[in-house]
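Two complexes, one shared chain (chain A), two partners (chain B, chain C).
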Partner chain A sequence: MSFEWPWQYNFPPFFTLQPNVDTRQKQLAAWCSLALSYCRHHKLYTLGIMEVQECPVFNHKNIDRKLSTEAILIVFEELRKKGNLEWLDKNKTQCLVMWRRPEEWGKLIYQWVSKNGMVNTVFTLYELANGDDTESEEFHGLEEWMLIRSLQALQTDGKAEVITMDDGKGVKFF
Partner chain B sequence: MDRFTWSNGLLEMNETLVIQQRGVKLYDGEDKAKLDVGIALLSTHQLIWRDLKNHECCIAIPLSQIIYFEEQAAGIGKRRLTEELSQKRWESTPMSQPIPTATNSQTGRTRAVGIVGIERKIEERRKETEKNISEAFEDLSKLMVKAKEMVELSRSIANKIKDKQGDITEDETIRFKSYLLSMGIANPVTRETHGSGTHYHLQLAKQLGDILLAPLELLSPEDLVNACKMFESLKQPLRLRIFDSGVMVVQLQSHSEEEMISSALDNVTDKGSLTAEEFAKLLGLSVLLSKERLLLAEKMGHLCRDDSVEGLRFYPNLFNSQA
Partner chain C sequence: MLSIDECMSKQMKTFKYNLEEFASKHKQEIHKSSQFRVQFQEMCATIGVDPLASGKGFCWQSQRLLEMLGVGDFYHKLGLQIIEVCLALKHLHGGERVHHQGRGKSAQDVSQDDLVRAIKKLKAMENGFGVISVGSSYLVQSVPAELNMDHTVVLQLAEKKGYISVSEIRESLKWERERVCHVLEHLLKEGLAWLDSQASGEPQYWLPALFSELTSLDVTPEETNQMTP
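On to the complex of A and B.
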């Protein structure tokens, strides 16, 4: 399925950081939404600032408009505040994009687990994210760092426990 | 120099010598006249110069014809001359006519031709200078006259209020309006707009007084701006609008923000997008003013901007209007 661009993507002012505060809020909200849905569609979990600038999301060649680096960083800061982004380094060159937050993943995983009556079972992380059983699930292919965070979120809720095994980590659901 | 006439150098009956000075040279403007070293005599009626070498060569100018003089170093005595000029003793005892040029001696006539030419040149130059100066001051004096009139009017208004002496007449109102018009305020307040407002009259008169009663000053831009800032408190249908950029305009209140903004929005929506230049052309406004309007509409959230290498362009704010 090809990615569907929102109407703003073809609206030139979208690529200019708006001076009017109220307008800017709406603009940034639209950018956050677009960035996340693009990452979700392409299953991107980490982003580098350098590549991002040339990414079609921020560089719309058809209308000859691109979002400035300054504006990109502002969008990323918004994402960070909302819990959807994490910088991997102080210089802000690499970041983790959580188009779904750990809590949300955890919920999805737990839903699948309980739906299939697999509570009280122990899974290895690999099984969960890459096993045949989960192939049709959204969390299939989830990167390990995100998976762990998701399970840790469930753990906080008392719904799971992360355990260390001989050849890696695993999880038990309650 | 052409005011000088040949003279026999003799004093009249009622004329007295005030002072005389030797070694006086005559200059025609900047140039030296044909008359060289002589003796100058100041009498109650005239200023006489007699050639030392040729006593017959003598010219004089009646004091009544001296309008301008300046002293240089050891002059004939500015004080003396000033005294004589102010006393005007010649007026009470008029002289007989000075001897006309025609009756002069042969040598005298040749000299007269030379002098007359020089004298004519001086006179022309003097006339020219006078004309230039008076032209330059014409406007100023017109302004002074008008300012004086306005001061009179405002005083009269202020007095009337003070003495509670009835209403300000229609005539005065009309005069007052026309003054404001000439000052550039297109639609000044009228009694109709503010009602009986004595308070207003007081404020306005006070304000006018402050501006106009300042001794013989021209209206500075600062004063004008400060006066304009008072429009709102004086309930005048005028507003001083100061844009974010600092540009100040005086506009009619009817030129409300609402109207400007909605018309800007209409125009932009109609054309899809507009730059300040395009908008200016469309409305027949200056680019500066049209940009201010677009910025205002943007500030109010009706427009948004597209800033690229192609320039600054304004669009309807779809972020607001569209889901």
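On to the complex of A and C.
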């Protein structure tokens, strides 16, 4: 299924940081929403600033408009403030995108586990995120850093325990 | 948030005030023309105003002012659209049929079609008008933009393509640069226009309201919910 662009994506001024404060607020909110939907659709969990500039979201070749690096960073700052983004380095070249929060992922994973009667089973992280059994699940392909955070959220709730095994980490669900 | 009646009378007042301002600026040009008169009569019929009745809101002086606006004036259209919507929504609220008084135009009931059309127009206007659904009816939240004749004329120019630039305005209206910039600044401030600084040549000022109309979006119930400013 291809990504559905919102009308603003075809509106040239959408790619110019608006001078009017109120308009800019609306614009940034729309950008945050678009960025998150795009990442969700393409299952992007990490973003590098260099590649991001050439990404279709921020560089709309058809109408010859692109969001400047300055503006992209402003959008990312908004996402960070909302808890949807985390910088991996001080220089702000790489970031984690959380279009779904760890708690939400945890809930999805636990639902699958209990639905399949697999409570009290131990899984390796690999099995959970990349195993054949979970192929049709939304959390399939979840990157390890996010998986761990999600499981930690479940741990806080007493629904799981992250354990260290010989060749990596695993998790037991309760 | 205003009720529909308050919204209507506030808009009428703003409408009237702007007309009076315009007329005072163009005193010498006030004259009667048969074309204006016909258009004026039709407009009155549409909004259910009888220009010959006294004490009904429009006196003869205002009528002459209305004549001066002529057809195709953005604010004139805007005023009509607002009134049209308010009438349509009044129908929805009261459960009664609202009749347009006929003079030149045959009497029309405000139908569901009118309502849908009016809401679509509202959606396209986006000048701070929010339609909020309350159960199965709608409240109109109005934040009228402050527009004078200079603004109106520029908006009218921009209507053709959905955007306008400083040179295009200067060429059309022969205004000084300062006057043009003043108007564009105001439109940006009111949220009616967005700046496009990546256009080739010079910056362009786009009207999202017209853009929406050009790309003809349909109104869905979810979208109506989202329209609060």
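As a working rule, the second predicted complex is superposed on the first by the 174 of 174 C-alpha atoms of A that agree within 3 Å, B and C clash if a C-alpha of one lies under 4 Å from a C-alpha of the other, contacts with A are read in each partner's own complex, and residues count from 1 in each chain.
In this section, contacts are C-beta pairs under 8 Å (C-beta built on N, C-alpha and C of every residue); 3 or more make two chains touch, one makes a residue touch a chain.
On a predicted model such as this, the values are computed, not experimentally measured, just so you know.
The superposed arrangement places chain B and chain C in clashing positions on chain A. In the overlay built on the shared chain, the residue A:Q18 is in contact with chain B and with chain C. By the touch criterion stated above, A:N10 is placed in contact with chain C alone, chain B being left untouched. Legend: residue contacts after superposition of the two complexes on their common chain; A:R65 is shown touching both chain B and chain C. In the superposition on chain A, no contact is made by A:I74 with either chain B or chain C. By the touch criterion stated above, A:A30 is placed in contact with chain B alone, chain C being left untouched. With the complexes overlaid on chain A C-alpha atoms, the stretch of chain B that clashes with chain C is 278-286, out of 80-88, 152-160 or 278-286. Residues 7, 11-13, 15-16, 18-20, 22-23, 26-27, 64-65 of chain A lie in contact with chain B in one complex and with chain C in the other. Interface residues of chain C, counted against chain A in their complex, comprise 188-189, 191, 194-199, 204, 206, 208, 211-212, 215, 217. Against chain B, in their complex, chain A makes its touches with residues 7-8, 11-13, 15-16, 18-20, 22-23, 26-27, 30, 64-65. Every residue of chain A that touches chain C in the complex is listed here, in rising order: 7, 10-16, 18-20, 22-23, 26-27, 64-66. Chain B contributes residues 273, 298-299, 301, 304-308, 313, 315, 317-320, 322 to its touches with chain A in the complex.
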